[in-house]
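By letter and in written order, the chains are A, B and C; residue numbering begins at 1 in each of them.
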Amino acid sequence: MSALEINEVRKTFGNTEVLKEVSLAIESGEFLILVGPSGCGKSTLMNAIAGLEPVTSGEIRIAGRDVTWCTPAERDIAMVFQSYALYPSMTVRQNIAFGLEMRKMPRGEREAAVERVADLLQISHLLERKPSQLSGGQRQRVAMGRALAREPQVYLFDEPLSNLDAKLRVDMRTEIKKLHQRLGTTIVYVTHDQIEAMTLADRIAVMRDGEILQLGTPEAIYNDPVNRFVAEFMGSPSMNLIEATLEGDAGQGYRLRIATPGEDDLCLPWPRPTEALASRVGQRVLLGLRPEHFAEHDARLDEAAQGAPFSARVSVAEPTGADILLRLPLGTGEVTARVGPRCPAVPGERLALRIDLERAVLFDGESEQRLA
Amino acid sequence: MPLSLSTSREVGRPAAARPTPAARLQAWLPRLVLAPSAAVSLCFVYGFMLWTFVLSLTNSRMLPSYDFVGFAQYARLMANDRWWVASTNLVLFGGLFIAICLVLGALLAILLDQRIRQEGALRTLYLYPMALSFIVTGVAWKWLLNPSLGLEAMVRGWGFEGFRFDWLVNPDMAVYTLVIAAVWQASGFVMALFLAGLRGIDDSIIKAAQLDGASLPRIYWRVVLPCLRPVVFSAVMILAHIAIKSFDLVVALTGGGPGYASDLPATFMYAHAFNRAQIGLGSASAMLMLGGVLAILVPYLYSELRSRKHG
Amino acid sequence: MPASVRFRSVMPRPTLLGLAVAGALGASAATQAGEVEVLHWWTSGGEAQAASVLKELVEAEGHAWQDFAVAGGGGETAMTVLKSRAMSGNPPSAAQIKGPEIQEWGELGLLGELDEVAEAAAWDSLLPPRVAEIMRHDGHYVAVPVNVHRVNWLWGNPEVLAAAGVEMPTSFDELFDAAEAIRAAGHVPLAHGGQPWQDATLFETVVLAEGGEDFYRRALVELDPEALGSDTMIQALTTFKRLRELMDEGMPGRDWNVATAMVINGVAAMQLMGDWAKGEFTAAGLAAGEEYLCAPAPGTESAFTFNIDSLAMFRVTEAADLAAQHDLARLVLEPTFQETFNLAKGSIPARTDLDMSAFDACAQASMADFQAAADNGGLVPSMAHGMAVRADVQGALFDIVTNYFNSSGMSAEQAAERLVRAAQATY
């Protein structure tokens, strides 16, 4: 029995369909992240799960119980909001205890729960303060504490780190991950930041226009994107998509011809033939290469062990400290390549690189669906 | 860094450590602009308050005189039956007026806040009485409350012979008619204040409270209304000064009557200072009114503003 | 007194000689036109017309009339305006001030003298001594009376009275008896408006009836504590309170003319009100003596409670303006104005030697009573209308009277006690 089940949930606002028959199942203790651009429906889905908005059709089950028409209070879920939503006129202690008070928990147990949660989140010294006297990070913890004190079936996090500054965001991210490992709670988390998604999730659901495009582990989403959108959305810098023409056949192997203006055509052998490729020969396909799939040509290593050779004139070199991001012309545009910090790349001069095609992906030129 | 308007003549001076006259003027400019209103305030409000106090220590009758008699006027005031009636009435009227307006205003605002249709029209309807002057309100309610012309006559005309609503002519109940008329006038305004306050509350707090399991009344009582303490503060300030100022309402609605059962300190002061040629006594009563106001409002102001500073 | 000294220093007091010279100059130099500014509150239809008669007369003398009318029935606003003008050292030439208040203004040293005019027109012979007394301060004439109102009148609707089978009562006992019959006939016996001044008017009439003119003077003019606390007063208060039984429920707060309208329309039988009520009857087109009745208030036939409007003159320094002011004073008491004004206003002339044939029956009866009372000591000043005591005392008495009348908790003894205390407190 899954902790949270969403079956064919549809939500319309007037004439617009905001959620288009979304289905999802989460196991107990799983950390699911809903990620997507603005307007994709992730917040609406979260509100629907919480019961703050009614669904037009479909079913929501929590721990096997049908809660589609239950009030938020009856669903046994807790939510952490983007704006923390702490009660301004109450102290931190009262904030955390409020939900317990509403459920008529006896005072002694309430106090114990508050102490426990405060200890866990290291906010014991803040219990008598009011929210206006806390910093952003402290408020975030209190908001989480309020949710934790309730010990619900499912936790919902609605972009909780968006209002924090960059460094704090990284710290809190780690805290949340540690908490999850320690407590083993079921979490549904919404964010638009794909780094958060990659680092925190057990599984990620990438959404666009009210649909879930792909549901899978971070690794699967990253390396096996189901279409161009997912491929480009995850990863920073995003995946390079290069226009190529598919040549060859099943017997002899497929090749990709990439035409770069002002250069010779680059012909790359495709290592993993699939059935879908057969019908696309001669057509335009998109080759997906992540920046880390490029490597410096190392003369000391064996030729065959490195990827396909490729050289181009470096247009921009951006050192990040840990590595260097190069911009090189390939195909109709430019690609970003990630090389080591000591790479002798000089803008304007040619550089020899290798392309690792083992992890590359191919998309159909029109439908943008994954081919191979 | 002060604006340096140094001319070529001043070039030889060392780098300006002292501000130039023009810069000094610029710094003083806001104060200069505010000075006239501050002076007017100081003179006409506080200066005349002081003068009233001085007059209350004299035996001024028809025109001000400066024969000092110490606190004799205050003694006379304390022995004056009508003054005690007026003061008690002010406490009754003011207390009831403020309390009922706050409750009614908050209730109406909460109801209007439920995103009902025609909210705009309803809001205008409730606010409309505020646009009337107290004289109009007083006269209209005087007709309504008159036993032989208004509500009592109408209900009796419907057949309820035993219906009585003669508060207006009953010395014990006349002051409550003032409360009715004043609440009718001002509660729309309080409602508007509360509505604005409610709209300013972050939606997610209400959602959080819903998830926490609180019912809607509970949410309003525990979460929303405590956030509205500044609104309550403003409302009380405004209502209190309306209550104390209530002169035209008394004159129009009851004329201070029957007898002087519904008199208020403002009408008492006016009658004595101007009609009865007893400026000394009137000034003493004015000072006592001021004292009463300060005694209540200063601690309230202090506690609210202090707690606001410490969040 | 420092106040009067200060005012005196602001406006130097001209010597008698100077006055005479100025007067002579003013009288001889007819081309030297002065200006009078007159503060009054004769603003309702008939009153305004009457006031404009005075204006024309003054202008016919070649002077300019600066009207300074301030609306507001009892003149309260006008008096407030007057005080502020006086404070700023710029009072008008003449103002509508009456009763003891004239003395108060005189004490401040602001009033100008009219002895010259009074001598020339022989005011002493025209005005009854009690009236002249009020117009004088420190022995000098400072004001001129405009009219004489009688306060102790009883007005009646003959139809209602006939329907009840009663006559206009001549004593309060008769009034109470008649009231029963009137109630039985389905009418309100006594129309009344529950405002402090109306309650006080009623009160003083009862005091006059119960105690007579001497008692009235001792109690309500001299404020003798013995009189105020006496059994007679307690009796008067009891009778006064009983009058409530004769009134209708909607009485509190009602205006006096609305009460008069009740008599006109036959809703009520009678009203105890001064002779300005006559204006209402006249305006309704009713004939005196036939369609409405007037009689002295029960028990007060020999007495005449007067309420006299007067113009008090302020100190004026400019010779031409002084002449204008004197002319004004003279014109006020002359027959032309007295007749025209009082016909319009409903009161009777202040001078006792006029031909009353133009006036209606009630006014003629009133004038006859006035002269009789002047001769036999029945003239009493109205306390309720500011003729008997100062404004602060009047106010205190009003408070007690109206409170007693309206509350159920005060006994006549308690009210009498309060009257005594009020009298003692202000002196």
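Here, contacts are C-beta pairs under 8 Å (C-beta built on N, C-alpha and C of every residue); 3 or more make two chains touch, one makes a residue touch a chain.
Everything numeric in this text was worked out from a predicted model, so none of it was measured.
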| item | value |
| --- | --- |
| Farthest chain (mean CA position) relative to subunit B | A |
| Centrality ranking, top chain (CA atoms only) | B |
| Chain pair showing more contacts of the two, B-C and A-B | B-C |
| Mean-CA-position distance for subunit C and subunit A (Å) | 96 |
| Mean-CA-position distance for subunit C and subunit B (Å) | 40 |
| Inter-centroid spacing, subunit B versus subunit A (mean Cα positions, whole Å) | 57 |
| Touching residues (chain side subunit C, partner subunit B) in the complex | 1-3, 76, 79-80, 83, 86-87, 101, 104-105, 108, 194-196, 248-253, 390-392, 394-395, 399, 402-408, 418, 425 |
| Residue ranges of subunit A touching subunit B (in the complex, touch as defined) | 50, 52, 71-73, 77-79, 81-83, 85-90, 98-99, 102-103, 130, 132-133, 146, 150 |
| Partner subunit C, residues of subunit B touching it in the complex | 61-67, 76, 79, 81-82, 142, 146-149, 166, 168-169, 171, 254-255, 257-261, 271-272, 274-278, 281 |
| For the subunit B and subunit A complex, residues of the former touching the latter | 202, 204-205, 207-214, 218, 222-223, 226-227, 229, 311 |
